[in-house]
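Quick heads-up: structures coming right below.
Two complexes come next, and they have one chain in common, chain A, joined by chain B in the first and chain C in the second.
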Partner chain A sequence: MIELHLLLLFMIVGAIVAVEVGDLISSVVAVGAVGLGLSLVFLVLKAPDLAITQLVVEILCLIILIRATIKRDLPLIKSGRWHFNTFSTLLFIVVFLLLAFISLHDLPGFGKPLLRVASNYLREGFLRTGSANLVTSVILDFRAYDTLGEATVLFTAVMGVMVVMRRIGRKKE
Partner chain B sequence: MKANQTGMTLIVKTITRLTVGLILLYGIYIVLHGHLSPGGGFPGGVIIALSFIHIMLAFGKDMAFKKLNQARASFFENLGAIIFLSVAIIGFAGGYFFLNFLSKGEPFSLFSAGTIPLYNIAICFKVAAGLFLIFVALVVLSRKEEE
Partner chain C sequence: MSAYFLCLVLFCVGLYCILRKRNLIKIIIGLAIIEYAVNLFFVLAGYRIHGRAPILAADQEIVNMVDPLVQAIVLTAIVIGLATTALIVAIAIRIYDKYGTFDITRINKLKG
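On to the complex of A and B.
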């Protein structure tokens, strides 16, 4: 478990660096480091499917962010009511930690799910679908409706991006 | 001489020419073995999209559009959605939506697990074409005005 805590510490430090550093490109690189740390966390928790997905999506997002920000020189706002902002942020952190301390006692422990359907999938997934990879057998057979919804979300996102970013309409031949 | 002016330097172009086929093959491998080993349609599709983005970053956008232009990418995106939905609807012939109607086959072999490889291939088409289109829209189309 010690490597998991080290990775979480690394991700928190990376997130703070990403917020506090002055340069835009350095900030993007720090966000990428947080994402790669998350991929290693998935690997430590023995979820290689999620680790692969997180790694490749992180690389794609990093390429898009770097290409989108490499020529822009956005000004950094230094003036403003920083005392008020810092005070309200600290207040919200205290309130959040207090509520979390009260409410997180009732959650089930790590690796002890309340729902019994998951153990059912583990027992019968291989026999009922014939798929050696249990994750695939869940997302494409037992829970295929979820995958249909995810595909619809991606389709809608692509359509929205194309509509918003396309400056020139397609001409009829 | 004119071909060398777009994109990155000669070193990057040579390395890209050597590696981009391997990246594409690795994506196809992850998609086809999605029901046997970690991976599946989504990460494999992202890797295939990354291979086309690799070409676009190294050689410039004209070379990449020669391989996969926008109209063809939209066609593949729609094709993936139609394959996914039609395989799911064929399940109605045997009873219900998303029925695994093909035979389970021999476990741990490439042709096993019924319809799951078909869903993987459909999702791979959708994700590869969709993410390539998002990259094109965010990086290329939004810069056309500034140049």
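On to the complex of A and C.
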């Protein structure tokens, strides 16, 4: 799995560049590189549906973020008393990674999933739904309520964007 | 196991960005990085060594497939992540129109 580790390292480097680089457009482009790397990781992990979706979503996300930053390329303000903030954040991250490193040994090992529910889907998915793609059979048949909730969240977010972005406000009496 | 750990390191980079940066767009970028890390963790947890993609073929027999359940859940989560990102960016653009800055320490009109 050397290619998986290389891609993960590429994503981490891209994320650090996105966090630390000076202007906003470079930062947005770097986070786009991280998202496209994630798409490749999904391909390596044998999830082609996720890779396609991640590719499309990443490009849309880039368009939205560039729309937010294209005319507003302001220099970042770096002054101020933020040493305590930096120190506490780094301390929390170190403690978090230590605890995660200890507790990761209790997970089932990498490459050996439990498959307690999913083995049922793997066995009966084609017989009960007739779909050759088992991911589709899960999201559209076994867990269709999840998809309904997803559509609800999506439409709520779209309504929120339209309400926030509209130009004409309420008329004053 | 090291793949899990690298995924958590990616999560921590996003967390540092959210907690430390003062620019609203940087904070949104940190949220996006955290979202990538969590999606990646789910898919890593469902991976099986020498597994195949969960798509049946007519002339092949199922030997061992990766977990289709986590892939379905992450597929939902990716699309919801796009919607929430769009909503946050819309609010950030409105804040910029009102205050003329992305600096979160200057967005203080409601401060009591």
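Methods note: the second predicted complex is superposed on the first by the 159 of 173 C-alpha atoms of A that agree within 3 Å, B and C clash if a C-alpha of one lies under 4 Å from a C-alpha of the other, contacts with A are read in each partner's own complex, and residues count from 1 in each chain.
Just so we're on the same page, a contact is a pair of C-beta atoms (placed from the backbone, for glycine too) under 8 Å apart; a residue touches a chain by one contact, two chains touch by 3 or more.
All values reported here derive from a predicted model rather than from experimental measurement.
Novice: Using the superposition on chain A described above, determine whether A:Ala18 touches chain B (first), chain C (second), both, or neither.
Specialist: second
Novice: Is A:Ile59 contacted by the first partner chain B, the second partner chain C, both or neither?
Specialist: Touch status of A:Ile59: first partner only.
Novice: For A:Asp141 in the superposed arrangement: first (chain B), second (chain C), both or neither?
Specialist: first
Novice: Residues of chain A touched by chain B versus by chain C: which partner has the larger set?
Specialist: Of chain B and chain C, the partner in contact with more residues of chain A is C.
Novice: Regarding the shared-chain residue A:Lys112, is it in contact with chain B (first), chain C (second), both, or neither?
Specialist: The answer is second: A:Lys112 touches chain C but not chain B.
Novice: Looking at the overlay, does A:Phe101 come into contact with chain B only (first), chain C only (second), both, or neither?
Specialist: Second partner only.
Novice: A:Thr129 in the overlay: touching chain B, chain C, both, or neither? Say first, second, both or neither.
Specialist: first
Novice: Which partner chains sit in contact with A:Val28 here, chain B, chain C, both or neither? Use first/second/both/neither.
Specialist: The answer is second: A:Val28 touches chain C but not chain B.
Novice: Intersection of chain A residues contacting chain B with those contacting chain C?
Specialist: Residues common to the chain A contacts of chain C and of chain B are 48-49, 53, 57, 60, 64, 67-68, 126, 132-133, 135, 137, 139, 147, 154, 157-158, 161, 165, listed in rising order.
Novice: Which residues of chain A touch chain C in their complex?
Specialist: For chain A paired with chain C, touching residues are 1, 4-5, 8-9, 11-12, 15-16, 18-19, 24, 27-28, 31, 34-35, 38, 41-42, 45-50, 53-54, 57, 60-61, 64-65, 67-69, 72, 74, 76-77, 80, 82, 85-86, 89-90, 92-93, 96-97, 100-101, 104-105, 107-113, 115, 117-118, 121-122, 125-126, 132-135, 137-139, 143, 146-147, 150, 153-154, 157-158, 160-161, 164-165.
Novice: Contact residues on chain B for chain A in the complex?
Specialist: 30, 34-40, 42-43, 46-47, 49-50, 53, 57, 77, 80-81, 84-85, 88, 98, 100, 104-105, 107-108, 112-116, 119-120, 123, 126-127, 130-131, 133-135, 137-139, 141-142, 144-145
Novice: Could you pull out which chain C residues touch chain A in their complex?
Specialist: 1-10, 12-17, 19-23, 25-26, 28-30, 32-33, 36, 39-40, 43-49, 51-57, 62, 65-76, 78-87, 89-94, 96, 101-103, 105
Novice: Sort out for me which residues of chain A touch chain B in the complex.
Specialist: Spelled out, the residues of chain A in touch with chain B are 48-49, 51-53, 56-57, 59-60, 63-64, 67-68, 126, 129-133, 135-137, 139-141, 144-145, 147-148, 151, 154-155, 157-158, 161-162, 165-168.
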